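We just call them A, B, C and D in the order they show up, numbering each chain from 1.
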Amino acid sequence: MTFYERMMNLDRRWVYLVIGVVVVVTAIWSFAVPLYVTPEARSVYDFVDGLVPGEVLMIGVDYAPEVMAELHPMSYAITRQCFAKDVKLLLCCLHQNGPGMVEQVVAQVAEEYGKVNGVDYVYLGYKPYPGITILAMGQNFRIPFPEDYYGTPLDSLPMMRNMTNFDNVKAIINISGGSGTEYWINYANGRYNAKLAIGVTGVMTADYYPFLQSGQIFGLIGGMKGAAEYEYLAEKGGYITREKDQLWASKSMPIQTTTHIVIILFIVIGNVGYFMSKRKK
Amino acid sequence: MGTAELIWNGVAALLVLCIYSFLYKDNPFYKFAEHLVVGVSAGYFAMILYYNAFLPKLINPLRAGQYWYIIPGILGLLMWARFSKKWQWLSRPTLGFVIGSGAGLAIPLYLQNYVIRQLSATMLPVGFTSWPLITNVMIIIMVFCALTYFYFSKQHTGAFGVAAKFGIWTLMVGFGAGFGMTVMGRVALLAERVIFLRDYMVQLWGALF
Amino acid sequence: MRRTLPIAVVAGVGFFMLIQYFIPLEEFETLYEWALDWTMVIGCFAMALGLYSLTNMMVTKVRRKAEGWGYSLVALVGLFVMVFVGLVPHYQDSLKYGTLFMDIFEYIYIPIQAAMFSLLAFYIASAAYRAFRARTVLATILLVSAIIIMLRLIPLGPLSAINQWMVNFILTVPNMAAKRAFWLGVGLGATATALKIMLGIERGYMGRD
Amino acid sequence: MKFFPSHTNLKSNLFVKALFLSLCFLLIDSSLSFAQEDLSESWFNPNRVNMLIFLTFFFAVIIYFIQRAKKGKSLFIRRIAGLDAIEEAVGRATEMGRPVLFVPGIEDVNQIQTIAAMIILGNVAKMVAAYDIPLFVPICRPFVVPVAEERVKEGYAAAGRPDAYNRDNVRYISDEQFAYAAGVQGIMLRDRPMANLMFGSFFAESLMLAETGFLTGAIQVAGTANIHQLPFFVVACDYTIIGEELFATSAYLSKEPKLLGSLKGSDLAKAIIIGLLALGAILETLGITQFTRWFFIE
């Protein structure tokens, strides 16, 4: 085997090893990465920033633990921003393994800001069939959710007193790791004209640009970089701080940088080997 | 940091390592962790379903005297006839209810959001005098060519074939973008786990020494 | 009866759901809300169906001592522990942050699931290295587009501005056009399928006699 | 041209007529209700006339094509290049005497992608049956097993080799996504199939499968309508069937009226979309925005 052929036929365990080592080393010796904020993430931030105390923002959280690395930072940053601004939050979860994720976020952040369940935020919980649930919420939140996640009837929650349906929330931000986004676009925006923005995983990001251009969604937070952009804006706005360890996505960005360098190098090595060995023949 | 949390995090860290052992090859540690999560997730979902769906949507209304909920309840129970060969057909009307309502609801909305809204958003003013107008030209040509690739009633020959070819190139740029984004997504998951392990090591070190 | 009734239900419910989109009458709104409500109650049972068949499969495996039954036992134990700790504290309190139920979710379920998916970071790296070769025109287009997208995470000094511009262009022009053509196809296909279901032409969902 | 041929079966014909008549009625009624202010008392939402027109048209087209196909009129569909790729892969496997692997995705049997995969499976079985090489079909959902078994059996019988069918080669692996992927990877590494055919609905496991297949040097042909997984198949497979091509392939192979009908209906709709697109762009450029605005639905 020539040198060039070897270049294009490294055993995959070598690739694994190099990636593993690079990730661990970067995790230990971190550094700062400059960040460019995309307009689609900024528009979500600016919208939330423009809300006044007492207004209600709805967050639909539809992801399971497997993609929390990308989406949890978004949920935390938006929740903190809202609570800091005294904006009320209405949350629901339409992914079967996701309800615990919302509980984690909201219980923790509410404690930080001294917010009270039922007054400053309401967590509706989970129901099967995301499409049907969204449609029913568009009529009245009480159809799918007669009680909240903790079993309290909605009517006995002070925040819900004057709330009927999507008309009473300023906007919906859907943070999703799967097909949930399609339901929100089709049913909440399509049927009830609700103002909608989405936060999605890196895998899904590129697929939703048509809806951004057509105005069906007003903002898009794409994957971990999107989350880091949001955190960057929220830090500048004074809603979250590095000292309290509230920047999660930003913490991983150096690892993203080094692994991307390594992967691109591997691609280059493979291609050089491919072309050189072809030329020899 | 309490001892309980330290132990819990230790369990978590150990399980993460069990999963990573799969990179070398499939092994009993990986299988153990994998099956454990299958069971735990099923149990977790069972409880969420019971507290968040069954209680508020069926049992509590019945207790409160809203007896008409018995009808969807019975329809739901009929779904379970699927497991019997003889009574399987009983589950079909219920299934029909769910599928029929799903289909009827979806038709106008799919057409509206995926077709008509997308179509009207592509009707853009074109020209060659400014950059936005030029991008509009590109968008329209690319959408046209990509649609041509998915047109099956005509052989891809001549000018039509050229359009289809340009269409598949456009699709490839889109797939490349998807791939690039996915690399970020997958690395994000790994980075988060490694940071978790690192933080746990720091915790453990602090607790022990 | 066994085949006609479900098809009639599908057509009836489906057609109602379809026309109520066009009819803003209050009576129709009420019926529509009812139907949504009912579907959700049925959904509770339908979801439980999946849980049952999973449990059933694991139990059978353990009983027959089939290959790998030990792992199925692990899964069963996980399930029953979760249900037990979920049911024992009174009412919905077990779903609150800090209970044993939520601890298991946080320290066993989350780490394993997150770790399993993070394995994909290794796979995507190795796939990028092995398969990303500029062999054909199509492969080259995909490769270039993916690399431009990936470069956005790497600080390149003054070149970064050019890269940002290119990333933005790729995402909002060719990528957008390609995905738009794709969504148009999805919308038309889904509408056609829903229509066929409503008219009883497509009956695959009913299963076999 | 008669719109609804009289000798079609009564049931669907009745539905079609009812549907058509009601829609016509609504259309007429809509013109009467424009004057009303409060929508909750009117019979029709005038903002949605545009949707009604699209819907009626699209329905009519699809039903028309289905009826035509039922009558046995031939509807032209171009041959998908992916079919040649499948044949080539199977051919190479038979030359080398190595097995063929068919992976039908991880979704259940009621999903349209799985149905398409099953049709392709039947044809692959027919190709394989003539030679004595095994065809492995690992399966992720229990309900898919009987359908796959039947398709393979039919395929073998059609090729005149019902005896060559081996039941053990169609096997259920696991419902769990990653456990299933590990099982399929095991088959790839152990049995070294020469052709890996992956059709259906794939998710995160697509990359694991395609990567391992690439490693074993198999010829790989894949097809899925899950757009988020297509990049990986395109990268790691020799040929990829993209999105709707999967449905076109199954329609082409099965010649089933309901598949052909909706494919041709969508095609016609696409042609019209392209026309509207051009018209809309021209009018927008001229500064006439009413046309575009007419498409906006509230």
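Operating definition for what follows: a residue touches a chain if its C-beta (ideal position, glycine included) is under 8 Å from a C-beta of that chain, and two chains touch if they have at least 3 such contacts.
Small disclaimer: the values here were computed from a predicted structure and weren't measured.
Engineer: A-C or C-D: which has the larger count of contacting C-beta pairs?
Structural biologist: Between the two chain pairs, A-C has more contacting C-beta pairs.
Engineer: By mean C-alpha coordinates, which chain is most distant from chain B?
Structural biologist: Between chain B and every other chain, the largest centroid distance is to D.
Engineer: Using mean CA coordinates as chain centres, what's the gap between chain A and chain C in Å?
Structural biologist: 16
Engineer: For chain B and chain D, let me know how many angstrom lie between their CA-based centres, rounded off.
Structural biologist: Between these chains, centre-to-centre, one finds 19 Å.
Engineer: Please tell me the distance, in whole Å, between the geometric centres of chain A and chain B computed from their C-alpha atoms.
Structural biologist: Their C-alpha centroids are separated by 14 Å.
Engineer: Quick one: which residues in chain D touch 2 or more of the other chains?
Structural biologist: Each of 48, 51, 58, 178, 211, 215, 227-228, 231-232, 234-235, 243-244, 269-270, 273 in chain D touches at least two other chains.
Engineer: Counting only residues that touch at least 2 other chains, which ones in chain A make the list?
Structural biologist: 12, 16, 19, 23, 66-69, 96-97, 99-100, 127-128, 132, 135, 149, 151, 203, 206-207, 210, 213, 225, 256, 259-260, 263
Engineer: By residue number and range, which residues of chain B touch two or more other chains?
Structural biologist: 22-23, 34, 38, 41, 44-45, 48-49, 51-53, 55, 57, 101-102, 105-115, 117-122, 143, 147, 149-150, 168, 171-172, 174-179, 181-184, 186-187, 189-190, 192-193
Engineer: Chain B touches which residues of chain D in the complex?
Structural biologist: Of all residues in chain D, those touching chain B are 48, 50-51, 54-55, 58, 76-78, 80, 176, 178-179, 182, 186, 227-228, 230-232, 234-235, 242-245, 248, 263-264, 267-271, 273-274, 276-277, 280-281, 283-285, 287, 291-292, 295-297.
Engineer: Inside the complex, what are the residues of chain A that reach chain C?
Structural biologist: Touch list, chain A to chain C: 8, 10, 12, 15-16, 19-20, 23, 33-34, 36, 38, 64-69, 96-97, 99-100, 103-104, 107-108, 127-129, 132-133, 135-136, 139-140, 143-144, 149-151, 206-210, 213, 225, 253, 256-257, 259-264, 266-267, 269-271, 274-275.
Engineer: Which residues of chain C touch chain A in the complex?
Structural biologist: 29, 32-33, 36-37, 39-40, 43-44, 46-47, 91-92, 95-98, 102, 105-106, 109-110, 113-114, 116-118, 121-122, 124-126, 128-130, 132-135, 143, 147, 150-155, 160, 164, 168, 171-172, 175-176, 179-180, 182-183
Engineer: In their shared complex, at which residues does chain B touch chain C?
Structural biologist: 8-9, 11-13, 15-16, 18-20, 22-23, 31-55, 57-58, 69, 71-73, 75-77, 79-80, 82-83, 88-89, 92-111, 113-115, 118-119, 121-122, 135, 138-139, 142-143, 146-147, 149-150, 167-184, 186-187, 189-190, 192-193, 196
Engineer: Which residues of chain A touch chain B once you look at their complex with the stated criterion?
Structural biologist: 13, 16, 19, 23-24, 27-28, 66-70, 96-97, 99-100, 125-128, 131-132, 135, 145-147, 149, 151, 185-187, 189-191, 201-203, 205-207, 210, 213-216, 222-225, 248-249, 251-252, 255-256, 259-260, 263
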